[in-house]
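These are the structures, in structure tokens.
In what comes next, subunit A is part of two complexes: it sits with subunit B in the first one and with subunit C in the second one.
Moving on to the complex of A and B:
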């Protein structure tokens, strides 16, 4: 899922300093699961803003809302009846949700309340880690199910580099060396021969370098 | 053999070669690199020019290599894949070759976190093994990565680094094999302090006959002081410095430590020369270029062969 994290409250307060009526909108998708932008976070953030503004003698009116998702128009459209009563929308959705909301409500200022960090997993309660950089050209079949693009700090396709030490990456003692993980896994699977095959230059055109990425499924389009 | 490269010709001839390195300056004065080059003239066969090592901004490796070349020296241009995409890499290879640079060392490069621009975006469009393949393709097939022919392809002797002390140790031989399959012709190793481990790695190469497919230049760095040894042990990624070496340095008075460091370096060189498959040494006297002549001379490796 998409993992996000709330922005510092000072940053949010500065974004909305001149707003008197604010619509704070959460999302019940990924950001609810990672406790960054669900109903609960909408409540906590709204209360914090109200308190901070009251303290500054600059009260603010807030409406709290949490949509099923902000990356689908069928849910965004539900705000149509009341969105214009507010100076701005503070969205706790991921970057996609914030932008889709802005696309639908062109005359409204839509502000992000969270940073969208990565596509990852819940490692433990309260701990999320990245697993995928959405390069659009998966090679997990060749690397024991562990992604070198994501797990290696240099995204080396033929790692590890000379900085791998005792299973850790040279950049931080708490970060595992992605290629040590890959090699260990290949060994467990009895596939160490695969290590010596050179992974060729990657086609990055399916990644961030190719402009807006788009998938069209003829079988599903109306 | 790559006739354009003196290093290649010497190795082919069976000479035990000596290389060293120069870090380009953090400024524009060409005299800085020329001074370093002058210190190395006649005592080494080729000189590595580092490419923004430890991710600290310096004069470009390509331009510093050109300056050395203009002095009649033999540069080994280091190229990291951290800062350039495949377009810039191919372009710089052409440019370097146009200036008569005929040795390239293909590296992934230190992570930007260690440098003076930790907020930079790294590129890594390719890794060091893919860079080796790229240079080989351009040279041997006369083609760009995009498939178009190159008019006057670059003639480069292709090198890479290997760190026998990095983990996991068991893949260090397979990784070298991978580089050989990609087309590497010489390997310069990380600084060797843990001799037992290095010998084990060499043994692994010999078992697979890899020492006959690539020239291994063993890396050495003399300690200047206990402080430097501790810094390298604890702060430099990929270093393996046994405690007894530091103890030995500590056992002599401070003013004698650099002398002892050089003595230890000479002992290492002596052992390295006896190892089957070691084709030369790479002396990395970091910001201590003035000592290289003394080291090479006392190792009995002067005069350098003329070819």
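Moving on to the complex of A and C:
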């Protein structure tokens, strides 16, 4: 899922300093699961904003809302009836949700309340880690289900590099060497022969450097 | 025992301090109260295993939130005591009352409606 975390409250307060009526909108998708932008976070953030503004004798009116998702128009459209009653929208969705909200409501100021960090997993309650860099050309079949693009600091396709020591990466003693993880996993699976195979140059055209990426499924389009 | 705690304190009963969410604390402050303290069982004695540990972590987080918006974090506190320790309960009530009196009234205006909403939610 997409993992995010709340922006510092000072930054949010500065964004809305001139606003008197604010619509705070959460998302029940990924950001609810990673406790960054769900119903509860909407309540906590709204309450914090109201307290900060009341303290400065500059009260603010807030409507709290949490949509099923903010990356789908059928849910965004539900705000049509009341969005114009507010000076701005503070969205707790991921970057995609914030942008899609802004695309639908072109005359409205849409502000981000969270930073979108990565595609990852819930390692433990309250701890999330990255697993995928959405390169668009998956090679997990060759690397024992461990992604070298994400787990190796250099995103090496054939590793490890000389910076790997005792299973750790040279960039930090707490970060495992991605290629050590891959080798250990392949060994467990009895697939060390696969490790010997050189992974050829990767087609990065599916990754982030080619502008907006798009998927069209003719079988699904209307 | 006949020990008395200050009359300025209003008790909100919860099944376990683990029920106390950050949003209850913030909304209670929004109602204009001058301070809040959570009284849980001794750590290690929670009937629900970790309710009071969770409450403590939430209080820490709530204090940080108050700090960032310029409200005194001392207005919130967590205490632990045994259900049978009435004397300690009274002492805590007096200690917290003294602390709040020193801090003075909250800068947030009173709003009785919010308090009623919170009690209903709990």
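Just so we're on the same page, the second predicted complex is superposed on the first by the 222 of 222 C-alpha atoms of A that agree within 3 Å, B and C clash if a C-alpha of one lies under 4 Å from a C-alpha of the other, contacts with A are read in each partner's own complex, and residues count from 1 in each chain.
Note that in this section contacts are C-beta pairs under 8 Å (C-beta built on N, C-alpha and C of every residue); 3 or more make two chains touch, one makes a residue touch a chain.
Bear in mind that the values here come from a model prediction, so they are computed numbers and not experimental data.
After overlaying the two complexes on the shared chain, residue contacts for A:54 are found with subunit C alone; subunit B is out of touch.
Once chain A of one complex is fitted onto chain A of the other, the partner contacts of A:166 are limited to subunit B, with no touch recorded for subunit C. In the overlay built on the shared chain, the residue A:200 is in contact with subunit B alone; subunit C does not reach it. Looking at the shared chain after the overlay, A:158 reaches subunit B, while subunit C stays out of its contact range.
Once the two complexes are overlaid on the shared chain, A:13 sits against subunit C while remaining clear of subunit B. Counting contacts by the rule stated earlier, no residue of subunit A appears in both its interface with subunit B and its interface with subunit C. Put simply, subunit A touches subunit C in their complex at residues 8-10, 13, 40, 43-44, 47-48, 50-52, 54-55.
Note for the complex: subunit C touches subunit A at residues 21-23, 26-27, 29-30, 65-66, 68-71, 107-109. Of all residues in subunit B, only 82, 86, 108-111, 113-114, 122, 124-130, 133-134, 145, 161-163, 166-168, 171, 174, 177-178, 181-182, 190, 237-238 touch subunit A in the complex they form.
The touching residues of subunit A, counted against subunit B in their complex, run 153-167, 170-171, 177, 180, 183-184, 192, 195-196, 198, 200-202, 204.
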